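Both complexes shown next keep subunit A, but they swap its partner, so subunit B is in the first and subunit C is in the second.
Up next, the complex of A and B:
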């Protein structure tokens, strides 16, 4: 009860809850598009490369004003600039050299993140007030969210979600088939810019609470999990946003209520848990469903094989009187790697064969028809 | 706009002059001149990497040429965009995208709708008609990842039919599909031709080339020949264009 009371009235907890909820929704929704566009790596580059931008913006603010107000709008601007710069440099690097896109992105990620860490360590040795907060951008700290931080998240989050709503049809078309979209008159450069900017905003507004290292998980993991549960884009975006909301909110609340627990890792662990559950248990694409399907398919192949063998024996021996054949004979027909007798028992349960006596089996009328149709169509199974 | 006018006026469907395209330093299309009349089924043939897809994309302004002029139905592409339908290569998209056949065919209505406007009842009816026309009504609600190659292609063609265009540009519509689908797609092409529409399709299967098309353009960076099947479908021309990549002993008989 006290906890619920705190969510509404405790300053810190209310900020944490509100900020990370919106962040989860926005990251989840746009993460679906990043995931379908196969741009997860680009998201990681943007997040890591934001670090030097944040530190530089902080330093610039300090030297210009002489005081260190951690104005998050300024920090966000710095993060956005270096995030975009590193993406730009990596595509330039790809064009002027023969380096592939994943490698050039990896290089830029390392360069920019390295620069960020370097700048942070320089600041550590100087006496600049407020410097300690910058460390929080590495793993994230939801409890440092101020009221104005939350307002910024709210405004940018609402703007991007609104654009998603307004341009839903265009985003969907462009993500599925960009050249076709362009041929219909939807400028693909413009749509690319709109979508990439939205994804970048979703990343940047999460940096303070989740941190630059793990932010990409906030984008990719909910989408990957959501994809398991649906075959419809709108449903996928909603599920993904919901997963982001649940993980973001609970992760941030947990870390805010436990001392010295960084938010990023907590949220990511929750997300991974949801992801693993989705990969394993989702009804159509899940691993377990797949496994069951495979077992059933193999079973049907075995049963069909035995049924057809029995049919061949019958034809071969002109067995018009249906005296049947023994499982022993069936066993010599192929080097079956499975239990033929067990298959016969299952076939009998299906009413396709009948056990005469002991080891002797005979096709029923139904079994005869089935065997003929299997042989006729080749692909068909029991 | 007179998009319902099916009478064939004298303007060519596509008129290309001095077109040169290069992605890097090496030209992919070199000084192309090509005129395709309205109301024909034109096949664009050539070996892999000949620039066939690039030619189609240039007509659609999807790639920027270094030089040259392209007119469609006598106009600039932007003016007649709504009278042109494009069917990209099937392999160009991710078929595991979360969408059904109906969702994909609906996309064909987006061009007429333009930005912001959302599809409604009319668009849904149009999409369903197109799905029926390609014989996919049973599969309308099926997830696209569960389609065969031929069904994927028919979905793409339905999406283009929705556009109610006058000129259809198709990139390898017969690649990797079964013979039955191939025939049914050809049937649709002939119906469209009967309505006065123009079909331009990239095709690199030499065996069926002469059966399917009224006209053929043989392309390999430059144009080797373009015209009526009986004038173009000749051993010397094909051999020259396909060069060493063309295995003559296997295909010789079909060219006599």
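Up next, the complex of A and C:
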């Protein structure tokens, strides 16, 4: 009870809970688009490349004002600029040289992040007030969220989500069929810029809580998990946002209540857990559903084989109605050995064969028709 | 004296990374190397918790194993066709890296590891950690570790030169000819993991990717044969690590950051020169 009370009334916990929930929703929703556009790893590049922007914005603010107020808005602006720049450079680089997409992303990630680390260590070793919080951007620390941070997350999150509602149709069309959207007269360049900007903003507002290194998981994992449960974009976006909300909120609360536990890794592990559950248990695409389907399919093939074998024996021997054949004979008819008797018993339960005496089995009228229809249609099974 | 040692360790790290780096670029696996450099972390930490000796060779084995686990899991997920390859890389490595970070923050913030040093590396510390046998000081242990890794990498490339080139440039043909593409792939990934963990001290887990990718990609801009590419990658790695070292000394900043920045500068200069030459020609 006390904990629930704290969520609403404790200043830190309320900020942590609110901030992480919103960023989880926004990252989950826009992560779906990044996932479907196959730009998951571009998210990794943007997140890493935001670090030098954050540090430079801090330094600039320090030199201009002389004091180091860690104004989140300024830091976010810096992060957005370098995040965009590195994404822009990496796509330009592919166009003007023979460097492929993976290397151009790798180069930008490494060099921008390296610059960030270089600048960060430069600040750490000097006597600049307020420098300690910058470190938190690497692994994330939700407990440092202030009221104004949460407001900024709220405003940017609301803006991007609103643009998602307004341009839903356009975003959807652009994601699945860029060429068609263009031919219908949509400005695909503008749409592309809007989508990329929304994804970048979704990444940037999460950096303080989750950190630059693990932010990619906030984008990819909820979307990958949500994809397993549905084939419909709107459902996927909602599920993904919900997963982001659950993992963001509970991860932030866990890390805020245990000492020295960084927020980012906790959220990531929760997300991975949700993903594993999804990939195993989702009813249509899940691995266990697939396994069950496979077993059922094999069973049907076996039943059909046995039935057809019995039919072939009957035809070749010009059998009368009541002359059956032994299961031992059926057993010799295939190289792949399986439990013929078990299949016969199941067939008998279905009313397709009849047990005469001991091990001898015979087709019923229904079984005869079924075997003929299997042989005629060649694909249809029991 | 110490700073000379630091310079040499940086140099050896850069050379060790540049050799497999060339094939990483050619095989379009740059982001995979980033993922591996993150994923070796839990292996290092768990191995350390078992042996409690930071310079034990078991740590390298543990790291290589967790690097391979990441490669295997990524392939498992993308082979299930439920998730595309790029996303499955982004799914696996944050998970493994998170396990490593949590282990550090829960278990050993007082011991030798610190989140930050894992990221940025602590090249000065490794320059001070000398190999002492029977009271005789043989210099920093890192020299021997990195030296062996360079040797292993060179041997690997010399022995499997034909196979590596064939699987890189024409995987179908090599499959038809009966080469074991998958075995070679895992062997190569082992080499990458070992290199990543040996470079950990100097470069930290993140900046390993700068040393893997950037010098090799710089060489890729203008070379036309694999041997030339590897040689130029090593040359660029040497230039970047020396200039990066002095940049960091001058500004009193992290050596690994400085090296990564200089890798980028060398790339930019080379790209400009290549473009200028193309315009003139």
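Keep in mind that, in the parts below, the second predicted complex is superposed on the first by the 381 of 382 C-alpha atoms of A that agree within 3 Å, B and C clash if a C-alpha of one lies under 4 Å from a C-alpha of the other, contacts with A are read in each partner's own complex, and residues count from 1 in each chain.
Note that in this section a contact is a pair of C-beta atoms (placed from the backbone, for glycine too) under 8 Å apart; a residue touches a chain by one contact, two chains touch by 3 or more.
These figures come from a predicted structure and were not determined experimentally.
Student: Have a look at where A:209 lands relative to subunit B and subunit C in the superposition and call it first, second, both or neither.
Tutor: A:209 contacts neither subunit B nor subunit C.
Student: Looking only at subunit A, is it subunit B or subunit C that touches more of its residues?
Tutor: C
Student: Would you check which partner chain A:185 touches, where first means subunit B only, second means subunit C only, and both and neither mean what they say?
Tutor: A:185: touches subunit B, not subunit C.
Student: Quick one: is A:198 in contact with subunit B, with subunit C, with both, or with neither? Answer first, second, both or neither.
Tutor: Neither partner.
Student: Quick check for you: in the superposed arrangement, does A:20 touch first (subunit B), second (subunit C), both or neither?
Tutor: In the superposed model, A:20 contacts neither subunit B nor subunit C.
Student: Looking at the overlay, does A:227 come into contact with subunit B only (first), subunit C only (second), both, or neither?
Tutor: both
Student: Would you tell me the residues on subunit A in contact with subunit B in one complex that are also in contact with subunit C in the other?
Tutor: Dual-contact residues (subunit A): 227.
Student: Applying the document's contact rule, which stretches of subunit A touch subunit B when the two form their complex?
Tutor: 36, 166-167, 169-170, 172-173, 175-177, 179-186, 227, 230-233, 235-236
Student: Mind pulling up the subunit B residues that touch subunit A in the complex?
Tutor: The touching residues are 57, 60, 62, 81-82, 84, 86, 88, 92-94, 97-100, 103-104, 107, 110-111, 113-116, 118-119, 143, 145, 159, 163.
Student: Quick one: which bits of subunit A touch subunit C in the complex? Just the residue numbers, please.
Tutor: Residues in contact with subunit C: 35, 38-41, 43-44, 48, 93, 96-107, 109-111, 113-122, 125-126, 135, 138-139, 213-214, 216-217, 219-221, 223-224, 227-228, 260-262, 264-266, 268-269, 272, 275, 279, 285, 287.
Student: Name, in rising order, each residue of subunit C that touches subunit A in their complex.
Tutor: My answer: residues 25, 28-34, 38, 77, 80, 82-84, 86-91, 94-95, 97-99, 101-102, 105-106, 109, 115-116, 119-120, 204, 206-207, 209-210, 212-214, 217, 220-221, 248, 251-254, 256-261, 263-264, 267, 271, 274-275.
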